[in-house]
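One chain, subunit A, links the two complexes that follow: it is found with subunit B in the first and with subunit C in the second.
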Partner chain A sequence: MFEGLLDGYTRSLLIFGGINVIAAYSFYLPFKTGQVSLGQAGFMAVGAYVSAIITAKFGLPFAVALVAGGLLAGIIGVLVGFPALRIKGIYLLLLTLGFAEIISVIALSWEYVGGAQGFRGIKFNPYTLEYVIGIIIVLIFFFARLERSSLGRAMDSIHQDETAAEVMGIDVVRIKLLAFGLGAVIAGIAGALYAHHATFMDSTTFSIMMGVEILMFVVVGGGSTYWGPLAGAVALNLIPEFLRALREWLELIPVSWTNFYPMDRAYKFLHEFLDFENAKRLIAFGIILIVMMILRPDGLLTRDSVRRLRTKLRFPRWRARHA
Partner chain B sequence: MRDTTAHPVCLAIEGLSKRFGGFYAVNNLSMEVLQGHIHALIGPNGAGKTTFFNLVTGVLLPDTGRIVFEGQVVDDTRPSRRTVRGIARTFQNIRLFPHLTVLETVMIGEHCRAFPSVWAALAKAVLQLPYHESTEERVMRTHAMELLEFLGLADKAEAKASDLPYGEQRKLELARALATEPRLLLLDEPAAGMNPRETEELDEVITRVRDRGVTIILVEHDMKLVMGISDVVTVLNFGTKIAEGSPEKTQADPVVIEAYLGEDVQL
Partner chain C sequence: MIFQQLINGLMLGASYALIAVGYTLIFGVLNLLYFAHGEVFMVGAFVGLFLVLYAGVGIWGALLGAMIACAVLGVIAVYVSVRPISKDHPLAPLISTIGLTMILQNLAVYLIGGQQVAFPETLTQQLYTFGPVTISSTQLFILVVAVALMAALWLFIEHSKTGRAIRATAENHETAALLGVNVNRVVLITFIIGSGIAGIAGVLDGIKNSGISPFMGLSAAVKGLIVMLLGGLGNVPGAMVAGLLLGMIEIRSAAYIGTTERDLFSFLILILILLYKPTGLFGTRTAEER
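Coming up: the complex of A and B.
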């Protein structure tokens, strides 16, 4: 669809960014009911391996594999969701972390999917970008509807006070399971897309670090509105690109300005600091996160800020029409 | 009006006990609450009144004993199911949803009536045009607004629940509980933190709710309110029932005076 418009690098950037957006939404749905999961990378792994087995070992088309990967991740999500009902906060984090570890150990020791060698020979899907864009649009529609529906409101109430919600007749058990299961489905889909774009994966691909990154997308973007995961994933994916651009601008500075002490030191430090491939970019990431948490602890976007923005831009406001 | 002849006893408690460690919060309690009554539950702090509410609503499970609501044992039912059957409550330490608006808070109470199944709720949530309000939502909104008007909160509908003054938060708790269309309403110190004028309004509201056919169990320390509107008063101390009867009778009971009211109470 976008052959003439995009070079390979931008295309790849958009695809991985888009998969991150989908993964962020997979975290956001259980989070809406107050469940914080570090195991979304584990569900992505389930979707990725299941779909890759279906296309590479059985030769079925990608669309079938995508659906199957999502569904199986969802079934496992519901199974993990049952023990998750009973525990909260830090203990739920540990449970989901443990789940992701189990999946990664299975991937490592199961020879059928390549074991330690990794899963090779996954068919490349040339339409990943189109799939990613389509799925993100569907997800935004879904979450827009959810936020304005009774079910979405019920989820918010569970997040805010689970006992009070239960006593007010909200079926906390079913709604939390539904959110956890559907979140896993979305993660599974993200995993399937990833596998058929990267065409290689092993037990370390869907690591705990990925689970933490997914959590970070939502924390940075804002967990109270469905625009938050999108904003967070886009922002955090653009930061390395932004740093790279800064570095290129840095190189435009005339040498005569920086070839004396102490400017040479400062220049060298900045140049290394902004190096995209350099491990120091993690420092940049960390600093940005700390500043974010101090300035906007609720994330870039909150429900109130989105509301204000809507009024300002004169977008239709749902409430106003029915008041 | 609801047919109350089928189950003249709204709530029957049979030998109910709940222990925390070695301490009996509720100890072998038996009582009956008749349909259409305002039944007050009084006693000193720590007498087990709130624990009793937690047991009836299912927030806590009893160690022994049975809870029979309108002829059906509800012991094994989850709190949300009990609410669907018709038991609602307010909380002593206000538990509103801080980030929801007043109107949304009341609509949470409506949810279990409008969407008995999660799948129906999901389908309604997804299979709608954007910016289109479903019939269910409209009905919920209208009901919720009616309740807010009933309690005099209509002009605060768009305010955040946590921004309301204390007395109005109590009213909002009541509105949210009423939104679940209860047949039995448990009020846990509804007048706490209210000024005398607000308490008088509350008196009227509780009577009007009772007149709609809702049975009410009232835990309250404001004796003027309790003795004025109750049909029956049960007095608890250390988790056991020490007296029960009409307000006049319990007020004059020497056991009650010693345990709770005090010698020089003026009502």
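Coming up: the complex of A and C.
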């Protein structure tokens, strides 16, 4: 699929963007029950290392490794989810952060997976883009169904008021564990895809900053609707590309327009400013985050804005239900 | 041997404690996980470095300059990433301070470059021997400054009027405001004190490790978080004791099981504390967890 259409750069961009979308959904599921996790990068690391061991050390096909990586991350997710039931807020943030750090220390000191040299020689999977697109479609379908199901409503009610939900007869423990475990499964899958596209990883690949970024995708996109993680991950991945494109357009301006005094300075300044090496890109990110939290603390998309968009686009079936 | 390790642990713990004190002050007053604190620490180290290199001041000048610069940075942080953010979104201030973290860290990378910079020698090296323990003049200096700073802070928090206002605000915003405490002012003062101390901690860390990098903030921030939790959220004396304790634990465990596993040990402590004693070793001072 898409062989003739995409050059390598665009392809890689789409793949990493898509993996970020999947990772954002892995954060969104526990978040739906009110659990905020900074440790999704840790679950990604579990999925990545397990799947890479399976393909590189045992020579099994990638599909097996993907499933195994997701499952093992899910099992560990449930194990972490048990203690996570007892605590919330900042304590849960710290617990998940500590978990992710422990995973990275294990990756650093375990020689079987390369230790400090990193895991080398992971098989490259040529169909990563197809996998990514397929999984995103499945996830969106899953979350769309979840939103209208009794399970999804139970999750929302736990998010809003845990005690009230429990009084209403909702099995809070089971649902929170389920959400945390399934979130870990999704993260593990994202990690497995990452490992077999990048073909190299070490203990710093799935760092605290990655966990923070995943959280950012959801908060920026909007945590109250299942379109939010997609919107956030896509927006934050596209901004730097957009700025790069701006610079290329700038170069299309004829030289005769800009080679006299005030214009040449302005041109040079803009040109240098849009030269987005990593540090400058992240500075711009930081500024965008702060401005975003001041202007739209609910994120780009909220439940209401999605509803309004749908009415505008005239989805009659949906409107009829909500008349 | 064991005394020597105790001294080394104290040294390591002193800088942890200084970072954690700021964390816990800010957490106590705002109930906010202030992510950018580690970057303030890093900025302090670089301000100290540049003052020593280009302004030619001594170590005291560097400490004072770093403290003032970081206090100003703390004020900026309040006005940029705390005050404008709405209070009903629990995640919003966390994200905005993460934004500030990214800005500060990458500004440093952009201006200075990503590699380690050597910190010049500012103190004359000299070794003192007390019985079984050998301690260098640098170590002695760091220890004395850190302990003096913590003692001063403790006196300030426990015995001054502003200190009492800080404690009252930490316990309950509304009640403190009703009793005539200017909560906004208290928040500002808390940030100034916490950031100033972090700046000093940065310079001390620079002297100790004789090298600083723009990425030193994150690991310092994480260690500061562990110490804050160990001492009890919002508990300032608790953070001081817990910092020294963690430093000694790390040195001991590094001696027995190796330096990579040392970090594993501190994170295990973090998780055990979270599960079995979330109030920390010495009890919390904040109203309720969020």
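Going forward, the second predicted complex is superposed on the first by the 290 of 323 C-alpha atoms of A that agree within 3 Å, B and C clash if a C-alpha of one lies under 4 Å from a C-alpha of the other, contacts with A are read in each partner's own complex, and residues count from 1 in each chain.
In this section, a contact is a pair of C-beta atoms (placed from the backbone, for glycine too) under 8 Å apart; a residue touches a chain by one contact, two chains touch by 3 or more.
Source: prediction; values computed, not measured.
J.: I'd like to know which partner A:Gly152 touches here: subunit B for first, subunit C for second, both or neither.
T.: It touches subunit B, and subunit C stays clear.
J.: Touching A:Phe99 in the superposition: subunit B (first), subunit C (second), both, neither?
T.: A:Phe99: touches subunit C, not subunit B.
J.: Should A:Met263 be classified as contacting the first partner (subunit B), the second (subunit C), both, or neither?
T.: Neither: A:Met263 stays clear of subunit B and subunit C.
J.: Contacts for A:Lys88 in the overlay, against subunit B (first) and subunit C (second): which applies, first, second, both or neither?
T.: The second partner, subunit C, only.
J.: Thinking of the overlay built on chain A, is A:Leu238 touched by subunit B (first), by subunit C (second), by both, or by neither?
T.: After superposing on A, A:Leu238 lies clear of both subunit B and subunit C.
J.: According to the stated criteria, A:Gln160 is in contact with first (subunit B), second (subunit C), both, or neither; which is it?
T.: It touches subunit B, and subunit C stays clear.
J.: Between subunit B and subunit C, whom does A:Gly169 touch in the aligned arrangement: first, second, both, or neither?
T.: First partner only, subunit B.
J.: Given the touch rule stated above, what does A:Leu289 touch, subunit B (first), subunit C (second), both, or neither?
T.: second
J.: Which subunit A residues come up in both lists, the one for subunit B and the one for subunit C?
T.: Touching subunit B and subunit C on subunit A: no residues.
J.: Which bits of subunit C are touching subunit A when the two form their complex?
T.: For this pair, the touching residues of subunit C are 27, 31, 33, 35, 80-81, 84-86, 89-96, 98-103, 105-107, 109-110, 114, 218, 222, 225-226, 229, 233, 258, 260-261, 263-264, 267-268, 270-271, 274-275, 278, 289-290.
J.: Any idea which subunit B residues touch subunit A in the complex?
T.: Within the complex, subunit B touches subunit A at residues 57, 59, 78-80, 83-84, 88-89, 91, 95-100, 104, 107-115, 118, 121-122, 124-126, 128, 130-131, 133-134, 136-138, 140-141, 158, 176-177, 179-180.
J.: Which of the residues in subunit A come into contact with subunit B in the complex?
T.: 141-142, 144-146, 148-154, 156-157, 160-161, 163-175, 178, 224, 303, 316, 318-319, 321-323
J.: Which residues, counting only subunit A, touch subunit C once they are in their complex?
T.: My answer: residues 36, 83, 86-91, 93-95, 97-99, 101-102, 105-106, 108-109, 208-209, 212, 215-216, 219-220, 223, 278-280, 282-283, 285-290, 292-294, 297-298.
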